[in-house]
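Here chain A shows up in two complexes: once beside chain B, once beside chain C.
This part shows the complex of A and B:
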């Protein structure tokens, strides 16, 4: 298990969390090499199917990172993301995926250290959970 | 038939040594070559420099790629740079895809081998994504350069004058019957003790006489449609029952048999059922209070008709519904004094001679209810006045925040009292004092020198204001009992009534404290959360006169630098669209859109995005169960492709 290198996809919003990741870069804050980012304009854009697709394509963990509530560039997109996330976590369990493999968090553009912290924590969590072995439904599930 | 493989160019930027130090770019280039996915692969340096951009353009012209991947820094930094170059050589901006191998890889990765692998995965993701790119078209729209200002106080007036000077047509809307707002009710504005009506009077005349400014008083906004550059605002102009020929001569006041509390004096004086707020108001015309006028109640009186020398009374006037087309809206609806009547221990409304600070200002005013004389209810001069700071403020059951300017107003009481009654004692009870800046702090020190005593109370919630014969006593933690003839409660400032309703109409956000939320707390204090709608004066949070006016100037400055007659504005490119064929008419998208940008076509039973309002968050796309909604440049297919590419191998 020690050699396990998890694959983690982090969906980040253009205005807060992606900018937070940029700042982590500028500050040369090292974080887990296992986390790879996908930039979308708003966390509200993240369709639950993107998350399912990431698991299907081999991700061991998925993150959704948005602006703090009240700071969304598009007013309330992050709140929509939160609602979907709550439902999605319940659904994941039904597919046999530990709900700890999905994590939503808020990271502001200036919060480089927080970005580093939340992605590192996620990497640790997923590492402990081990590789994701999908069964049946999810693997076949159409988009 | 063979499908031609899309031609993709890959640029790997060394970024001086920022990237090349940590990622083995030649190795990545070799790998890219070996995939045979690219028509061009090259490691270059400083691609964002003038020479770099020139080289970039040359390669694009030579290879005419269908897609371009720039593996370099953050797209937030240079995506536009490379998109612009691409556009210059005739390649659509959508074809440029950045792979952020600097911020996301070289600067943050611990392991060099893994850095290479991560960079490759990101390039793979970019490749899969860019192949699916669809051209983005810039859409422009000619703007309407007229401006609507809501609120005719000192900020709204300033905004109107500045905008008119720039040649803009201005509509100035005020819900009260004439202009002036809160400041016109003040006698002297600290720290220079300038006469507020004197500050405002020339401005009021300027507004009145300016053909560019349409003043709509006694009016309210009923609906707002549209977007930045093209708002349609519906206004109800309530009937005055007095025509514009009225010059405010007041001949009708004497004959009107109905006496009511005067709101302008905050209920401290009286007015008639036909009234103006103050002599010389703009507009000058009086208004009939329909609710209380005997003509409207039982048709028993028309005394004003015969008293009027101009024949201005018109009982048949009707409310008018107006539609105004403007490009931008400035909110300058101001603020109101916090309600202290709910705090029994402060004695307000229960004990005579306990006033709020705004009420005291009226009493001290030359056009006030007692003709500028500071008097007690019994007509005598007060020999002692106590001022309680933060009354009803800094507590969860009142105004939980510091309004920032009331200490200043509270310290002015001593100055006004001593001017009329030099021997009177003035005592200010405080817990916190806020006198920021050299001028304001000097004013406070001057008050101490001139005789105002400042007494600290350890807990303002312990203050008890009680009646004791003709006197009032004040007790509280930290000081011994004080006796005074008059008590002034320095109330905090809360959002003007109707703020929430207006925010809902305009679809903009409020802060936790209820004032309008700024686009950015530091960089754009006078922009609201929606483009084209601005916040000035105290609507953007409690502030003094100077800041109020400055905010108005800032808002209008921003507007006139953008809304230029004849100029076209670029609309958001990355909007969402809904496929008519696929839309099932479930309206889910309408319920999640933060901008009310989606309308429903009842005939076709489908939802339609108004692209000029859409900001492109894509929330509707994520919620669409039938796949009809599409986010331009962030389509489902593009994101799936990116996920696949990132997790490949």
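This part shows the complex of A and C:
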């Protein structure tokens, strides 16, 4: 398990968390390369289907990063993201997926260190959990 | 001219789809007059041997209902596929997995343990569970294999059309049969029901407030249901927003919320994820604690969002060796 390199997809919102990641880059802060960023305009744009798709396509963990409550560029997109995240987590557990594999956090544009910290923590958590290995229809197929 | 041959077959199903065919009422006489039913195990006596002896492709259309749970069902589906020009997945179970696919949230072992060993009404001191092969008094007895996962029909064979519903309505069945008889079928792979969400044709849509704002999720037994108001506005989970139209809102008309049996529309890949997306926009609460409290009311999200569609969901089934738990 020591050489397991988890695949983590992080959806980051354009206005806060992606800018935070950008700043981390400019400050040359090192963060885990297991985490792959996907920029979306708002965390409220993250359809739960994106998260399901990421897991299905082999992600071992998924992150949703948005603006702090009250700071959403579109006013309430991040609150919608929070509600979807809560529902999604409860649902994923029923599929045998540990809820630690899905993480939501708020990172503002200036919080480069916080970005580095949450991303590295997630990489560490997923590394400890090991590979996801979805089974069922996805892997076996019926044919 | 010889009448087109038609087969009806059932896999892991309750028989409700067969009932739906009978519900065609006097229209079924037109169907019977126009076609030759060569296989219908629930209603008429035929031998599988006879089907095996038929020429490949000689059955015009096979309507197969039920999910694929056992080796026998898979074998019959494959046989009918070989012998048929068209295969129609009939009903929610064969289209999406249906109620039997809820078993995908557990495992074969847990099901067997419960059904044959641990259920309080079971007396089984020798711990006998079904096996594909067993010897009793020197005789070999065989049973079809019970799969770990419940599949939808197109997981095991190529399917031409889908008739959704638990069960499909007589109107949809009649339309499908007519389309086949008149050769006016849509492109292969089509779902033979309108591609829009149930809300679009729901009579209660107008009663829906601009901001639905569910402050508390309730079950149908918790409150006296308003016969005219949008269910979501009453705090009842209604799958209408994430469900395909075509049922004639029969549950809504019976003052019951939609449970999602028609599956998602073409633009949606995962019915449950879609419903989570919808609810995320209409649940009340800003702070985490308030949101947690609302969500607490939803006891079984997977069973609610994927009641008929687990095999068709993106995740398909729970992890079998759920080490994460």
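A few notes on this one:
The definition used in the following text is that the second predicted complex is superposed on the first by the 136 of 143 C-alpha atoms of A that agree within 3 Å, B and C clash if a C-alpha of one lies under 4 Å from a C-alpha of the other, contacts with A are read in each partner's own complex, and residues count from 1 in each chain.
Going forward, a residue touches a chain if its C-beta (ideal position, glycine included) is under 8 Å from a C-beta of that chain, and two chains touch if they have at least 3 such contacts.
Keep in mind that what you see is a predicted model, and the values were worked out from it rather than measured.
By the touch criterion defined above, A:96 reaches chain C but does not reach chain B.
In the superposed pair of complexes, A:134 makes contact with chain C only, with no contact to chain B. In the superposed model, A:69 makes contact with chain C only, not with chain B. Once the two complexes are laid over each other on the shared chain, residue contacts for A:86 go to chain C alone; chain B is not touched. Of the two partner chains, chain B is the only one that A:59 touches; chain C does not reach it. Shared contact residues on chain A (touching chain B in one structure, chain C in the other): 47-49, 53, 80, 84, 143.
Taken together, the chain C residues at the contact with chain A in this complex read 68, 74, 104-105, 148-149, 151-152, 155-156, 268-270, 272-274, 276-277, 279-281, 283, 285-288, 291-292, 295, 298, 300-303, 305, 311, 313-325.
Every residue of chain A that touches chain C in the complex is listed here, in rising order: 47-49, 51-53, 55-56, 69, 79-84, 86-88, 90-91, 94-98, 101, 129-130, 132-138, 140-143. Taken together, the chain A residues at the contact with chain B in this complex read 5, 7, 9, 14, 18-19, 21-22, 24-26, 28-31, 33, 36-42, 44-50, 53-54, 57-59, 70, 72-77, 80, 84, 143.
By the touch criterion given at the top, residues 74-77, 100, 102-104, 107-111, 114-115, 118, 121-122, 125, 509, 512, 529, 574, 592, 594-595, 615-619, 621-623, 631, 634, 636, 639-640, 642-644, 646-647 of chain B touch chain A in their complex.
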